[in-house]
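The two complexes that follow have chain A in common; it is paired with chain B in the first and with chain C in the second.
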Partner chain A sequence: MLTRGRFTTLLAYAWVILILIWTIFPLYWLVITAFKPLDEFMTYPPTFWPSHWTLDNFVEGLVRQQGAKAIRDSLVIAMGTFIVSMGLGMPAAYSIARYKTGGMDLAFTVLSIRFMPPIVPVVAFFLIATKLGIFDTYGLLILVNSMVNIPFVIWIMKSFFEEIPYSIEEAAQVDGASWLRIVKDHVLPLAAPGLVAVSLFCFIFAWNELLFATILTGRHIQPFTKIVPGINIGHVEPHWGAIAALGLLVIMPIVLLAFYMQKYIVRGLSYGALRE
Partner chain B sequence: MASVTQIQTRMQRAFDVMACWVRQERRFPWALVLPACVFLLIMAIAPTLYVIVLSFCNYSPGRTLGFAGLGNFIRAFQDPRFWRGLYITGWFVFVSIGIQLILGFTNAMALQRVHARFRQFATTVMLVPMMIAPTVVGVLWKMEYKARYGALNYLLEQVGITGPDWLAEKTAALAGLIIADVWEWTPFMTILLLAGLQSLSQEIYEAAYVDGSTAWQVFKNMTLPLMRPFIFLAVFLRMVDAWKTFDLIFGVTRGGPGDFTESIAWYTYKVGFTYFDLGYASALSFIQLLVIIFLGRFLLQQLVTVTEETRS
Partner chain C sequence: MASIRWEHITKDFGTVVAVKDLNLECKDGEFLCLLGPSGCGKTTTLRMTAGLEKPTSGTIYFDEKPINHLSPRERNIAMVFENYALYPHMKVYDNIAYPLRLAKVSKDEIDRKVRRVASLLEIDELLDRFPRQISGGQKQRVGIARALVREPAAFVMDEPLSHLDANLRAYMRAELKRLQKDLGITTVFVTHDQLEAMTMADRVAVMNLGVLQQYGTPLELYGQPANVFVAKFIGEPPMNLIPCEAQEIDGTMHLVREGMDVILSDAWRQKVILQATSNQLLLGARPQHMLIHREGEVQLNGSRNILPGVVYITEPLGTEWLVRVRVGQELVHILSREAHSFELDERVYLEVPAERMFLFDAKTEKRIG
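What follows is the complex of A and B.
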């Protein structure tokens, strides 16, 4: 017999499955488009399984459409951003968490920078960068992306540092350990999981960034976010196969990371306000 | 000219002074935040001030800089494309987030009822749309929207609906953007609200059911009020983010057809970097900054009030 509790559970399963199909379908379409011969993409009705699998689209995207160069550019920018934001953000986060430096005023001023639309400072970036001759360089992109990511690092790392009991550090202090030693031996090991998660977030944010990547680059640097939507056959018709192939390549690492980061995602998304 | 050794001694001395300054107990915490603060001052505060100054000027590259007073702002208020930009952004900030909230809450309630293993699998899959690059989300949906060979219209045809030419018709293009936005960001709501639901204590629920309350009563009188802080937090974070909407438009419609689906960020980008009217673009940026400051302040206040009310 179907009791009411059972019925709602069944309904819940049905709903979740429906949502999963809705979530997965466009991704599935991306995957099969990447492996379909181009002329098969243009047929109607569309085929839901490639008639034969091909790697042509990957060759077209990576080699002829400069996709490999674009991925390298994005990688350099994302790595640089991760290094700069962690390097500057971590000590600040530790200080704010442990010593309440600057109080809530400093913490919230930093956070408000994160909420500023990136379109606001971009005109200034463009003019200053052109004047200094650093327009269209990796350095510029790394600096502007770090500007957006440092507030994030500070807030999330603050929440991780706050969880480490101060008594551990005090005990080490009594033993006469130097500050550097205490941080290295007692703080960092405890903060390590958070550290890895925040680093990955930083990397992903810079990897996915578009606005700065379109406006502050010219001919030399072409991050994938800028070029992927514009891959054409001739002049107008998009080369969907190559777009899908490149799209698939650039989201694959992120999808894999998502599995690893599952545990920290709630905290990351809520700037440390919610903890699981 | 100073020799290399002299420079080295000087640098050494400067370093010693710095180290001495840093070592003092009181200053040490400040020394740790200083690099980040200086960086943000140079990279965020200074450019923003520069943009504010520029917004009162007429400026295009290659032309002379002229003072414009409030000219750019008056121009914005008379510019129909500016108002339409706000209108389109409004669709993302209010309509899309409304849909995401309702769907997200339903998802979270459903997920709470399924087996823990399955729940974890489902939430992991849901992470994908919001973690991948928004540009890729854009092309993903653009592919579906292709009138002649897209999958979406084919599937609609199977159930007897003739789909519109998504990217060529005004209303359909806007609907298409909203659908893609909902696909991308509903998981965000789902995951935050699920975290909220799971933090609620199970005991009060059992007590309520023992009292003989119906499921609807429990939902209305207990779940919803207790969930208010989480709902406000999720909506706050999404709204601040939706105000910046740019990436999706870059991927799907590029503001078209015509200039019907331009968000305010996209219009500012066009003014600044297609027409190179940098003074006007700065004014538009400044207006967006003011709006987000007031909106952010207001929402944050609501969030704090609601959180405190629920706690007490």
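What follows is the complex of A and C.
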């Protein structure tokens, strides 16, 4: 039995290591490419470790290819989307959870917007935006990204608010709290794990978004997801080093955020199941 | 301090009428129990008093001032919830301090009051813990402490003892009653447990299906139940009710059913003639008041209220015996202090002392007398 147990453990470890290599390899490739000099990331066969480390690619990506501006554009859009989605989605979720606003089906109807592939409405958005004169503005991208995010916010936050026993809010009412005070003192703290997880997802969705960023922007707004395919050496050959450098820069904040808020996210996504 | 008066209170939720035309009063400093089975409207009444529900019609008065329009926080009422409703993300100290913080009481004052009420309820040791780290009985005391700390005009309590185990419940019953007497704060207490109502309350309002059945002191409810519902609800084991028929035979009134013939006194006869809507009656007797005789121990001369029956089962309860006797189709319960060793199916005679007998109209279910 002991040997079999040891063998199983060994097998499990081997499997996990295999999966880890499979998932981490692209990330590793991204990191080393970002720091390889120009001649090295183009060579064949490829090297698995930079012969010497350089920051040239970051300069190329951020300055010459205007990556810094692209990151700023993406940041404005992601932050704006986060604020609008949470600002509109949270009260809606509370209302649906607490007062059954819109009856049983409203939350699901809202969620069904998410079932639609974003490519479907994008042509309509393009036409509407050009007619309204808001094409190629931050506002437009924040608007359409929020439209996709709000159902997600409502759906997740609704279940969090439903988990808060109403008697807690009633107790606070009787204790003398105003509605705003109840939200601040009880509803938000008790929904905090959900709040953190949903906020993070809202930000990430908008940060990573490509389709709207490509079709609904012109010359003014250049989110990084849009400029990356255009980073070339000369006219055809992608500048892999600059692309990797930029890629590394844009995933860093997300990785750090997710790492820092890990415990909230895990609790957030498994809330109903684990609570007492 | 406040007196509370409910005047023509009706509350419906769509098609369901939770409370129907309730008229009730709780005097200043009094302990009022709202008693009834689940769904009788007692909790709805309490919630309307606290301001968590609005009456569909009628007016609630505090000290003769109508308060229907006031929100919960304007009423200066403290509530203890059935599930305690402690704030799970706050420590016990902060739970108790919360109402004071909302009232913008100074920090020192808060600290003084919280510690005083905590020592009163013997939860000083728990102030640093979170609600999830303390037991049910402790949570309940924290709930009471949170209500107490404000020194409110009135307490409303929604079955605060129902989730405690039997020992703790008995202990908290006495504690709560003593606390209420010491503080003299008007208290409205909701329960479905008649024992709680009987032991704790100054006055009890018995409700059923949204309608007030009777309002009085515990002893009034026990001694003079207004109707069959109250008679059955108050007292343990519940009152025996034996259907019978009133018949005039040669100028005397008899209560007759198969195997039973009870001759009524003239005073009872007058009451039955005046108050009964038909000759269908219910003979009521509390198990504690009935006597049980063996064959041959009693003279069947018709001067006493005797019901013949056969022993169904006997159960020793320690100090007393519960004897279940089959009288016709009915099972009648008798509590007896004497040790009995009845055979199963032994023939016995039950006596209902005339002064302990109740009569109810079988149609209206109202008490005659």
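Quick note on the criterion: the second predicted complex is superposed on the first by the 256 of 276 C-alpha atoms of A that agree within 3 Å, B and C clash if a C-alpha of one lies under 4 Å from a C-alpha of the other, contacts with A are read in each partner's own complex, and residues count from 1 in each chain.
Keep this in mind: a contact is a pair of C-beta atoms (placed from the backbone, for glycine too) under 8 Å apart; a residue touches a chain by one contact, two chains touch by 3 or more.
Since this is a predicted model, take the numbers as computed values, not measurements.
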After lining both complexes up on chain A, report clash or fit for chain B versus chain C. fit
Applying the document's definition of touch, where does A:37 land relative to chain B and chain C: first, second, both, or neither? neither
Considering only C-alpha centres, what angle arises at chain A between the directions to chain B and chain C, nearest 10 degrees? 90
Look at A:12 in the shared chain and tell me whether it touches chain B only, chain C only, both, or neither; answer first, second, both or neither. first
Contacts for A:115 in the overlay, against chain B (first) and chain C (second): which applies, first, second, both or neither? first
Per the contact definition in the header, classify A:106: touching chain B only (first), chain C only (second), both, or neither. first
Contact-wise, after the overlay, does A:165 reach chain B, chain C, both or neither (first, second, both, neither)? second
Just checking: does A:50 make contact with chain B only, chain C only, both, or neither of them? Give me first, second, both or neither. neither
Residues of chain A touched by chain B versus by chain C: which partner has the larger set? B
In the overlaid three-chain picture, find the nearest pair of C-alpha atoms across chain B and chain C and give that distance in Å. 9
Starting from the residues of chain A touching chain B, keep only those that also touch chain C in the other complex, and list them. 276
For the complex, give me every residue of chain A touching chain B. 8-9, 11-13, 15-16, 19-20, 22-24, 26-27, 29-30, 33, 41-46, 48, 88-89, 91-92, 94-96, 98-99, 101-102, 106, 110, 112-113, 115-128, 130, 143-144, 146-147, 150-151, 154, 179, 204, 207-208, 210-211, 214-215, 224-226, 228-229, 238, 240, 243-244, 247, 250-251, 254-255, 257-259, 261-262, 265-266, 269-271, 273-274, 276
Please give the residue numbers of chain A that touch chain C in the complex, ascending. 165, 167-168, 170-178, 181, 185-186, 189-190, 276
Quick one: in the complex, what on chain B touches chain A? 28-30, 32-33, 35-37, 39-40, 43-48, 50-51, 54, 61, 106-107, 109-114, 118, 120, 122-129, 131-136, 138-144, 148-151, 154, 183, 187-188, 191-192, 195-196, 199, 215, 230, 233, 237, 240, 243-244, 246-247, 250-251, 265, 268-269, 272-273, 278, 281-282, 285-286, 288-289, 292-293, 296
In the complex, the residues of chain C that touch chain A are 50-52, 71-73, 75, 77-79, 81-83, 85-89, 98-99, 102-103, 132, 146, 150
